[in-house]
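Notes to accompany the following structure.
Naming follows writing order (A, B, C, D and E), and every chain is counted from residue 1.
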Amino acid sequence: MTETLRQINERRRHVTGGIGERWRALPKWQRAIGILAFVGFLYYLPLLGIPGLTWFRTDSIPQGNNWAGVLFLCAIYVLVAFGLNIVIGLAGLLDLGYVGFFAVGAYSVALFGSTQSPVVEGLQNRFGLSQDWAVAWAICLPLAILLTMISGVLLGWPTLRLRGDYLAIVTLGFGEIIRIIARNSDWTGGPQGIAAIPGPQGAPSPDNEIFGLIDAKPWYWLVLSVVILMVFAVRRLENSRVGRAWLAIREDEDAAAVMGVSGFKFKLWAFAMGAALGGLSGFLFASRGGFIEPTQFSAQLSILFVAMVVAGGAGNMAGVALGAFLLAYLPERFRDFSQYRTLVFGAALVLVMLFAPQGLIPSRRRARELKDRAKEAPANV
Amino acid sequence: MLLEIDNLTLRYGRIEALHGISITVGEGEIVALIGANGAGKTTTMRAVSGLRPVATGTVRFAGEDITNLRADLRVIRGICQSPEGRGIFPGMTVLENLDMGAYTRRDTAGIAADLDRVFGLFPRLAERRKQAGGTLSGGEQQMLAVGRALMARPKLLLLDEPSMGLAPMVIQQIFEIITEINQQGTTILLVEQNAQQALSRAHRAYVLETGKIVQEGTGQELLTDSRVRDAYLGVA
Amino acid sequence: MSDTEDLVSLPESEAPTRTDLLVVDHVTLRFGGVVALDDVSFEVRRGEILGLIGPNGAGKTTCFNAMTGVYRPTSGEVRFDGDRVSGRKPHQINRLGIARTFQNIRLFPEMTALENVMVGTDSQHFTSVPGALFRLYRKRPKPEELPVVDSHNGLVRAWQQTRLVFAKVFGISRHTLEERAGEQKALALLRFVGIADRANELARNLPYGYQRRLEIARALATEPKLLCLDEPAAGFNPAEKEQLLKLIRDIRDKGYTVLLIEHDMRLVMGVTDRIVVLEFGKKIAEGTPAEVRDNPKVIAAYLGVPADAS
Amino acid sequence: QDSGGDDNASGDGTCGGKIAIFGAFTGPNAGLVIPSLNGAKLAVKQHNAENANCQVTMQEFDTQGAAEQATPIANQVAQDQSFTSVIGGHFSGESKATMPTYEAAGLVMVSPSATATELTAAGNKSFHRVVGNDSTQGAAAAVYFKNTLKSQKVFVIDDGSTYGAGIASEVTKGLGSLVVQSDKVQTDQTNFDATISKVKAAQADAIAYAGYTNEAAPLLKQLRAAGVTAKFLGFDGLYDPAFPKGAGAGAEGAIVTCPCLPAAEAGGTFSADFEKEYGEAPGSYGAEGYDAAKVLLDGYKDGKTTRKELLDWVNAYDKQGVSKYIKFTDTGDVDPSKVVIWAYEIKGGAITPQSEIKLS
Amino acid sequence: MKGIFVDFDALFGHLGQHTVDGLSKGSIYALVALGYTLVYGVLRLINFAHSEVFMIGTFTVVGTWSVLGATDSPAIGTVILLLLAGLVAAAAVSGATAVAVERVAYRRLRRMNAPPLIFLITAIGLSLVLSEAFGIWQGRLVKGMPTVIERSVLFTIGNTEVTNVQVITVLAALIMMFGLDVFINRTRYGRGVRAVAQDPDTAALMGVNKDRVIALIFLLGGLLAGAAALLYCVRYGNTRFNVGFVLGLKAFTAAVLGGIGNLRGALLGGLLLGVVEVYAATLTSSAWEDVAAFVVLVVVLLFRPTGLLGESLGRARA
């Protein structure tokens, strides 16, 4: 069993490695065309009707789920993975409470944008505003990003001096605290959650033509566009002084400090950036759903996020995107497994990590690191 | 022959660090390995102590083939290495570090005697016996590493740059110790940058260059060899 | 090495003056019961090479640590160029102008040699994180900074041309310019210390000697006024030490001030202008190499044999 | 697996259709939902057997009780025009999350077991339920505390879930000054020392617990072990055989209220049929699941085949069901005067019907 | 309903009682925390699957007791038999599971010298597999079991009642912690464990068999988790397929609080966490106890970045 798996994996690595090399060998313009075609395909995906490929649709099974809706969720997770990748993959900080930022983003739009939120109701009463006044969606967007960045900084400020796994457990606590506050406070709507969260066309109503309640396609396209934008943004960070500083800090923080790189500052930035992306995805998620409740932001989700990043290949955006996509998509496509889903999912996670420890699409640097380390592993140990 | 290395190759990833070297060390000898940075001296030591897997070739110790033996089992056979970079257990006290050297030994009395001997050799360590290894100064750590290796009472002692980071007086002392324990019956394979000292104390020596043995001979022969003098002894 | 002259920019290349660059002022540092530094005072003068020697455990490395903010003195203070050093964070101290290497090499093992040095150039960046993200601050490029148009493929050529026009009209972002300058400088430094041939290799895979030199290059990249070297020759053979000696002289000749910890007397005597000797955390001697060599206290505590002991 | 009959047997095109049923069919609280699902399946099966020319298909969608899983399902059902009605959601959260979507799609929802009061308060046009809401049950429990148990000091505990917090606030309202103190526990909590010492300090003679079995069973066990003898009353979330099993001997005498009928009281042959089909008595909401399906099936039988027709049909529904008489108010609640709330007692480790709680 | 209201009377009126409650709650955290700390100390990785090792222990106790036909409050002889049988079975099964976890999820990665993050994910995966397997097999609802030791008040100080079960749990935790501490810090084998923790390569050069040491620490962690499982069953009389998740997180928090890699720290952290939680739950409600626990954690780490007692097994500073 393991033997065949290993062989499969060898072959996969061979093939993907080969593809990678050949891909990089292509002239730039050919790569550009390839990328454009791929992006086009992504936009076409919710309409997927190519014979033979329809098998991939999540609604191709009897109890299947809305295909565009699942794609939307996948895209949201990809966005989350990008954000967490900054924190884990680039800055090397293990954040086990990333769902906290996701929640802050979601609650930002819910608390300020929904007419049913206690905060908005409070504001209405306080300033004598009309019953259907609420902060506009377009204003909630920067607000959500701002609030998550602030929460990132608030979390990071006291804790970023901690090392490695101390940080992990503290962040985990942060995620839980956010959820518990949301669940047990009145001003967050408590366990009942908040409904009537607006989208780009305002509060959810049957009249919203584009970003409506039923058709998820426009939502998917919206998030996909954001994702593509973020690819550029994150790459810019990665291939800049900032990315290099993150890498140096990851390797040896003290040495970096003595070379004039402020570990604290760059880690805080990583947290803030990661948080902003998490907040943005939470924001979009809440707008689409129109309703959120605290149970949607459990610690398990945080762990799933980490799994997406690591299994996909921490540090590599294509990798984490693939990881996020698969981890969101597979459980939906294989709904028929019903109660065995999580079990199979866990087993798959173990197998992927055992046979492709650098992730599905490893960052080239990480892969090299691991290869070196493996070769160097002491004999017989 | 106590140690026979035959046609040994060793790789780090794609880089081949040793290209088929053969070295022998006889019972009771001091054999020195000298060579420039990156020549493969440390790598050779690692192959003998079992820290790195060997690509091809064999390592025999006291007649037994130990090429694929686990590192900890080699210790039981009587090979002990004082590693490059010292390998102090930072969270253990000086005393515990020394005790680790005697990990495979059971003779309590002998261990206690050896402990006294090491403290006698390095009074500094005795002063600091309760200090955590990681907080010692570089030179103190070096003393500790050598002292710990002595605690194993090995048949074959591998010393990788024992004089590194030591003050001139202590360097002198270290080499005297090496001679002394050798006279007491311990076979020594020594890697040193201080070629002058190493060659004058070694019975035989090998010169390594980029993973190959380029010269071998008695210590005195090499000490007077013009090529060796130019490359490793510096301008007098 | 001549081509590096203009690239390695120098700290106010003033002639060696008598003014003190670094002052260690009655510094005491205790770890529990261990007194690692006991009321030590000395100063480093601009443009000199000062040697710091002493037996093992005398407190030399600890002194470096106190100067670079790794430890805080229990009492006393360190002043650098008029500023107090004690109490600042390591990266702030680096920006004051102190750079160091480590006794146990501490490179960024998974970064290439070039990247390692580029981390050192980081302190010369003016772009902040948003700057690196949005790259809105643009500068009019100098002619040599403009993108080249050299392809024969029509499409590609058109693309290059577009970029050229774009750069001419909108300028090039400061971040990009800084990155390029940093890379040039890093390469120059690698050449300067003599390891440019393996610039793109991971630091962890470099031989020991290369790693030591890489540390020096990385420290130089921060454009320090004072370069502190902690046993740079450890693990070198005499021939290599000779090269290192030359390198340190070159560094000094470029106007840097150097503080050197080293146990190899030939190197210390050959390169330093003055020497400070520590023992058991106390300063026991100070003076020119010749004075120190003949100082009976130093001989008793450290050198062992009167003459050259190596 | 499609339940009830085969697809291709649909009659003459003027009859039959497709129902979607969604809820937590897997996951920790599936035990509360499965009987309802089975009830609905049974109804469909009976219908199809009786009306060969009016075949109805019912498709299951498992949400694991989570709102974020229910939303894409709602999209799927809303966009698939072949679905003409919905049974669900089973829990309040998933119902709340999906109501706007179903409303926008003009699909009628009939829920067997979502009891949160607020669901019907916001004026949603699509949502209906064949079960009493939390305010009715809370009020009934309050009546039970006052009249049957004659409690003087009631300690109210909830688990902070949508369901628990909602019903706790209703019962608190009903009890007024009889509530001495309240406390919140959390999901997956195992140690209840703090709560227990509060109960002791308050010298409560009765405890109302609003939440599910997973926390209630250990809580009750620890309460009894700590020597607290106060009467323990839980709500329909505990109407699950796992509750007495988990709490062990301590559960003896505990009360569970439920807006659901004891099997024996259900109208017609439902109980017998259910037992024959599934080999066990209908548990929580089995009858309600049956009724929810029946309301819709009657519509299909009557020739209603579009979403609009079915919505109107349900709004106008007025007929005896197996669990109660079913007639909806304007807001979609079942007529409050027809709601029945029962008190069950744990006896010999089983949930046994005790008495109907009369509100007035 | 109010958000947070603070009830000082409830806390200070029965401070002693809450402390005792907290200590007994915390001693179970401490035992599980020891397993995390051991593995972390040696391998620098969070063994996420350890919570499942504990969970399996509780189910083993349930199984053993039901095989032995346990009933509520049996005779004293039977009690001892049940406890012993439960302990042996749970320790054996948990220990075996822990060693198996190492074999399946870690060994291959260890050979490859993979970075810790990878271990974390396999651990999470394995943890999911184990808990889901039990969820499917044993159902997802609480499983009750007989109350083997009837609670009784041993003695009363002021208004503080100390019960037999509390004394047993706290004592058991203390004994096991000190036993382990002696083993690690005083014995030759323990020194081997610490050596592997600090520098595996050099440890091998000293003659330490790394694989054996690692298997040993997993085994020890598993045995302790088994003991914790028994105490848990005695104390709570319930278990569930996912008991491990929350308890594991708490135990890991406790380990960090005390200084991860530090055995005494695990004990201290566990007890402290238990007490803090009970205080917080009394002061407000159980809903906020986790918040209090994490706030205390953050505050402690701010002042002592490596936990209350600092790291000890692992690399100190340097």
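We take it that a contact is a pair of C-beta atoms (placed from the backbone, for glycine too) under 8 Å apart; a residue touches a chain by one contact, two chains touch by 3 or more.
Every value quoted in this text rests on a predicted model; they were computed, and no experiment measured them.
Most remote chain with respect to subunit B, judged by CA-atom centres, is D. The chain with its CA mean position farthest from that of subunit C is D. Subunit A and subunit D have Cα centroids separated by 35 Å. Rounded to whole angstrom, the centroid-to-centroid distance between subunit C and subunit E, based on C-alpha atoms, equals 48 Å. Separation between the centroids of subunit C and subunit D, computed from CA atoms only, is 73 Å. Multi-chain contact residues of subunit E (touching two or more other chains) are listed as 1, 201, 204, 210, 245, 285, 287, 290.
Touching two or more other chains at once are residues 180, 183-184, 339, 369, 372, 376, 378, 381 of subunit A.
Shown for subunit C are the residues that touch two or more other chains, namely 205. For subunit E in complex with subunit A, the touching residues are 1-4, 40, 44, 46, 104-105, 108-115, 117-118, 120-122, 124-129, 132-133, 135-136, 200-201, 204, 210-211, 245, 249, 252-253, 256, 260, 285, 287-288, 290-291, 293-295, 297-298, 301-302, 305-307. The part of subunit C that touches subunit B in the complex is made up of residues 31, 34, 54-62, 103-104, 205, 207-210, 231, 234-242, 263, 265, 302-305, 309-310.
By the touch criterion stated above, subunit B contacts subunit C in their complex at residues 12-13, 15, 34, 36-38, 85, 124, 131, 135-140, 142-143, 161, 164-172, 193-196, 230-235. Across the interface of their complex, subunit A is touched by residues 1-2, 25-26, 59-62, 66-68, 71-73, 75-76, 78-79, 93, 96-97, 100-101, 103-105, 116, 118, 122, 160-162, 164-166, 184, 186 of subunit D. Chain contact summary for the complex, subunit A toward subunit D: residues 59, 62-66, 68-70, 72-73, 116, 180, 183-184, 190-193, 195-196, 204-206, 212-216, 288-293, 295-296, 332, 335, 338-339.
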